[in-house]
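Across the two complexes that follow, chain A remains constant while its partner is chain B and subsequently chain C.
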Partner chain A sequence: MALPDVKQSATEARLATLRMPEAGCTRDAREAALARLRAMGLPGRRDEYWKYTRPDTLISPEAPKAEVFHTDEPMVFDGFDRLKIVFVDGVFSPEDSDDLTLEGVSIDRLEDICCKDIHWAKQLYGVLEERGQTPVQRPLAALNTAFAQDGVAIHVTGKPSKPISLIYRHDSESSDAILHHVIRVESGAEVTILENGPAASRFNKCIEIDIADGGTLHHVRAQGRDHQRRAATHMFTRLGKDSVYKSFTLTVNGVLTRNEQVVELTGDDAVAHVAGACVGDGDFHHDDTVFITHDAVNCESRQVFKKVLRNGATGVFQGKILVKEGAQKTDGYQISQSLLLDDDSQFLAKPELEIYADDVACSHGSTSGAIDETALFYLRSRGVPAKEATNMLTLAFLAEAVEEIEDEALAEDIVSRLEGWLARHS
Partner chain B sequence: MLEIKNLHVKLEEEEKQILKGVDLTVEAGKVHAIMGPNGSGKSTLSYVLSGRDGYEVTEGSATLDGADLLEMEPEERAAAGLFLAFQYPVEIPGVGNMTFLRTAVNAQRKARGEEELSAADFLKLVREKAKSLKIDADMLKRPVNVGFSGGEKKRNEILQMAMLEPKMCILDETDSGLDVDAMKLVAEGVNALRDEGRGFLVITHYQRLLDHIKPDVVHIMADGRIVKTGGPELALEVENNGYADILAEVN
Partner chain C sequence: MAALDQTQVKEGVDQETVDAVREVGTYKYGWDTDIEMEYAPKGVNPDIVKLISEKNEEPEWMTEWRLKAFERWTQMEEPKWAMVHYPEIDFQDQYYYARPKSMETKPKSLDEVDPKLLATYEKLGIPLKEQMILAGVEGAEDAPAEGRKVAVDAVFDSVSVGTTFQDELKKHGVIFCSISEAIREHPELVKKYLGSVVPVSDNFYATLNSAVFSDGSFVYVPPGVRCPMELSTYFRINAENTGQFERTLIIADKGSYVSYLEGCTAPQRDTAQLHAAVVEIIVEEDAEVKYSTVQNWFPGDENGKGGIYNFVTKRADCRGDRSKVMWTQVETGSAVTWKYPSCILRGDDSQGEFYSIAITNNYQQADTGTKMIHLGKNTKSRIVSKGISAGKAQNTYRGLVSMHPKAKNSRNYTQCDSLLIGDKCGAHTVPYIEVKNNSSRVEHEATTSKVDDDQLFYCRQRGMDEEEAVALVVNGFCKDVLQALPMEFAMEAQQLVAISLEGSVG
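Moving on to the complex of A and B:
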């Protein structure tokens, strides 16, 4: 079917500003992704999947400018023993990064997977993204596969002693970054991946994660403090038998964020949790779009998303649990809630369940509400000033999402970020 | 200490007058009790004194040691030494009981220009007070009042009172929903705080709490007014004859 003219011209206008890297062995995957993209076209305002979020600035030929935020305060994850991999405006920076050797894991730059002949990475690149294109199209992810400028391939074969920390620095106010990582966690292996920073004025990031039977991946992400940055991110995760994937994202600030998580439970007894806490004030639009497919027996999935919004901020949640035929004993849970600190803010939610198996327990709930006045009065009657009491209740509201982080020290660090934000914004 | 004069209160949203001229003075060191039928305005009085939204004072005044309570924010009233043990303590999911207590204690100390309690000192104090109220470590860790039984909630109110050491304590039906043992614990907790610098206003439906917390003065409230004031014997009279006789007598 031919694309509508508007869509086609918007897509071609964007493509005109992009150049496919000399990519050797990923060339075929990139060309295929480009063909997919051309067939779908970039997202438009009329697309059902983009009903609540305007894609215009994510697909425009040039990235809108975004001021670089500077602070002397310690950054998130500072003080944690971790292996740092630094990207500046979407380009790997060897000077700022640690030595990439660590027991239990091998890490290579995407551009090296061909000369080093890293099979698993060549075989994964673009594959989960392509699988994730049905039943819902994700053109920005196809664009990413075709044009990614940089990224890493992380092969987890053991239990590395410290987290792998991807740090995305934003240095230029007109940067437009496209990063693509591939991660494979082997059977019985376990890793924690940290991500932080705004990355660029506009950031398109895709991670494909393949977790073999009995593998475990923890993911904790904080998307930086820059106010004007825009981001469209995708995480495509495939889980084998008995494997575990737990992902948490903190978003404070950022004028536009669309985070998509596409999770496929393909082996029995696998567990996938995706969670997010976001706090937004003013010109802030935050969209969590999640699609979890149960395609095996006795798997568990949880989606926990909490948004605190004020001064006209907008929160979006589109979350789906698809239980395929035969995926019996599925335990699927989904909750999305917003705390609206004033009347100007809004929360738009579209929770969906689609179930083709009969022996499943799935629940979903979505709420939107103001601060609990009774609780607020109770705290104040004990001497806690109104602002502090409001902040306590706000943190309490976010707690269910933050509690999804298993590592207590990381969870505490995230809480301290939230406290910092609340202190600055109240 | 607490001085209430001709206090008239209506609901903010409705034309409904609830308090119709309450006069009441609680002196330091004294325990006053307020009894009265359901709906007479006892809880409303306690809420208005502690600053809850939704009520409008149309006439009269309320002061604590001469300071105008009605002009203050709820947290300022607390820092000035007013405490209300709620008839229905509020559940706050996501806020740990201990965090709540420490935040409250330190917020009040800060408001009064005192130094905050160190974590160690606080812990020592809270453990000691919790022990005498038979509040275990688990209850301290759990979110405020979430999953607490009725009796546990009321004991938790008394724990807060013990930690905050207010000048003026208002207890709204702290005995309701308590069995005899729990009531004794609560009464002991209150009695431990009795001293000459502190006033109590104990709102109750039944005389039985007053067997354990001996009042100096008993007031009967009906239809938004104090209709009768007397000594402890007034509580016994209510216990034996109900409110009907007293109400008939004053009407």
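Moving on to the complex of A and C:
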């Protein structure tokens, strides 16, 4: 079917500003992604999948300007021993990064891979993204595959002694960054991936994660306080038998953030948990879009999303559990909740189930409301000042999502960030 | 019913029981009535629209209204977003108007109605004739009727064939008649309200209905009147290749109350038939409307052949403060169901309720749910939806709960449960939740599971066969909704639940 004119011209206008880098072994994948993108067009306001989030500024030819954010406070994860990989405005910075050698893992820069004709990443680059295009189209991910400027390929073969930390730095007011990472976790291997930092004025990021049988990947991400940024991120994860994927995202502020998680459980007994906590103030728009496909027996998936919104902030949640025919004994759980701290904020949710197997237990819940007056009264009657009581209840509300982080030290660091935000904004 | 035919008759079970079980297992409304019909030519165009309007002896403004709708319809596209798949419908290969020949001149009373027609309704279990006699006998209306009285408007293909108890209702000021009669007799009411809840250009099927609707029911309950009996409409599609497009308009004026029941059946045919109805309900201050449906259109055979395509737009507008509407539906029939009875909660403190059981078996597909639009302060809504899917059927709940910024202190509770019987069917939930103020509370819960093995085992242990046990468990699963139905309907619905699932076990 031909694209509507408006869509086609918007797509071509954006493509005119992009240049495909030297591609080497990723060339075929990039060309195919470009063809995919041209066939579906960039998202428009009338697309069902973008019903609650306006994609205009994510697809405009030029990135809207965003002030560079400065703070003297230590960055999240600063106190942790980790292997740092730093990107400045979407470009790998060798001088800021650590030495990329670590036992149990091999890390290559995307640019280096692109010079080669043969590399393991060829089997993965653009592959999971393409799988993730059905049944719902994700044009921004196809754009990413075709035009990614930089990124890393992480091959986990053992159990590296420390987390691998991807740090994004923002230096230019008009930076428009496209990053693409691929991660392969081999059988029995285990790794923790951390992500943080303001990346660019506009950030399009895609990570493809392939976890082999018995592999484990923990992912903790903090999207920072660079309020004017616009970000569209995609994580495509495929899980083999007995593998584990646990991902948590903290988002504080940001004028527009769309985080998509596309998870496919292809091996029996696999476990996938995705969680998120976000706190937003004012012209904040945060969109969590999750799509989990159960295509194997006895798998477990869990989605826990909590949003605290104030002063006209908007929170969006689109979550789906798809259980394919034959994916018996599936345990699927999904909860999305919002706490609206005032009357101007809004929560828009579309929690979906699509189930083609009978021996399953799937449930979802979604609630929205104000702070519980009775609980507030209880705390105040025990001498806790109103502000403090509100903050305590807000933190308690977010706790269920934060608890999804297995590493206690990391969870504590995240909680301290939330406390900081609440202190600043109340 | 292959499963039952092969069942060995157990010792101690008499032949009567076996026959009875066999009978309930099939679609028992699958016969057709051999009546001479009058058709309009196939297809739809301005001339057909005019013809329908003419046949109903409508005034000019109504004809214009229809033609405008038709023109709009030609520019619209069929919606594709629902989780239902069916071969493309050729809208020109349908009859848009069919009526029994004997109805060419409107009968003055039910006595003049073709006896075959009345026999049809009797077969359907509607005691039209009996009630007619009751109503016809002088003084009989004042005498206590046996059981509960129900006034019936029966619609056969395109026309209403009779309405009972009209006189008694008139005494209370209640108008209950066919919509074509209302257009002629009460144009001021029709003009004021028709299309005010479901606008002409609302959606593809509603617009088509606006152009070609042939008949339907009209109810007006004056201020302060509690309608003395339940009102009921029975819809029957009889003729082949005929689409039925009925239009129902219910107006509950200030402080009134009415309970309305709707039932539908159709004969068993190989080809799919189209049904696109529109129901509009207007609820004024302090008024209450209860609308119950048992939809049992022919669902197609066990290979998915034939059946009714049911595309229905139902909407209630709670205009006045403290108004209340309650939708209850039991959807067991139709090959394809596309139906979202909705509530616009405009008045402060108004309430909307939606209770639904949707059962799909064999190749049936249902995409149904509700919209609760909260506009007024302190509005409340409650949604309880039970979807049961068996065989190769697909069952989707699709709904919207929207809290507008001005709908302070409003409340919604939604519970959607799906039950799967067999590993080839599907159950889906697609809720939309939009909350735009913080004093409102919205809760949504959904679960999907299969029939509990422990419960089945318990029933089997006590001597029930598997089908009986499943029917019992399913009835328990639906209890919340069945309880919301008026008494007579609840009994019928309970049986329907069991019948619809016949052959799905084992």
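Simple rule for what comes next: the second predicted complex is superposed on the first by the 420 of 426 C-alpha atoms of A that agree within 3 Å, B and C clash if a C-alpha of one lies under 4 Å from a C-alpha of the other, contacts with A are read in each partner's own complex, and residues count from 1 in each chain.
Everything below uses one rule, namely that contacts are C-beta pairs under 8 Å (C-beta built on N, C-alpha and C of every residue); 3 or more make two chains touch, one makes a residue touch a chain.
Given the structure is predicted, the values throughout are model-derived calculations rather than measurements.
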Quick check for you: in the superposed arrangement, does A:R382 touch first (chain B), second (chain C), both or neither?
first
Quick check on the superposed pair: does A:K84 touch chain B, chain C, both, or neither? Answer first, second, both or neither.
neither
Partner chain(s) touched by A:K159 [first = chain B, second = chain C, both, neither]:
neither
By the touch definition at the top of the document, which applies to A:R131: first (chain B), second (chain C), both, or neither?
neither
Which of chain B and chain C A:K329 touches, first, second, both or neither
neither
Would you sort A:R54 into first (chain B), second (chain C), both or neither based on which partner it touches?
neither
Which of the two partners, first being chain B and second being chain C, lies in contact with A:R302: first, second, both, or neither?
neither
First, second, both or neither for A:H227, with chain B first and chain C second:
neither
Between chain C and chain B, which one touches more residues of chain A when both complexes sit on the common chain A?
C
Touching A:R38 in the superposition: chain B (first), chain C (second), both, neither?
neither
So chain A touches chain B in one structure and chain C in the other; where do those two contact lists coincide?
none
Mind listing the chain C positions that touch chain A in their complex?
81, 83, 405, 408, 418, 420-450
Within the complex, which stretch of chain A touches chain C?
48, 325-326, 328, 338, 340-370
In the complex, chain A residues that touch chain B
372-375, 377-386, 388-389, 392-393, 395-400
For chain B, which residues are in contact with chain A within the complex?
50-53, 73-75, 77-79, 83-84, 86, 89-95, 99-100, 103-104, 107-108, 111, 143, 160, 164
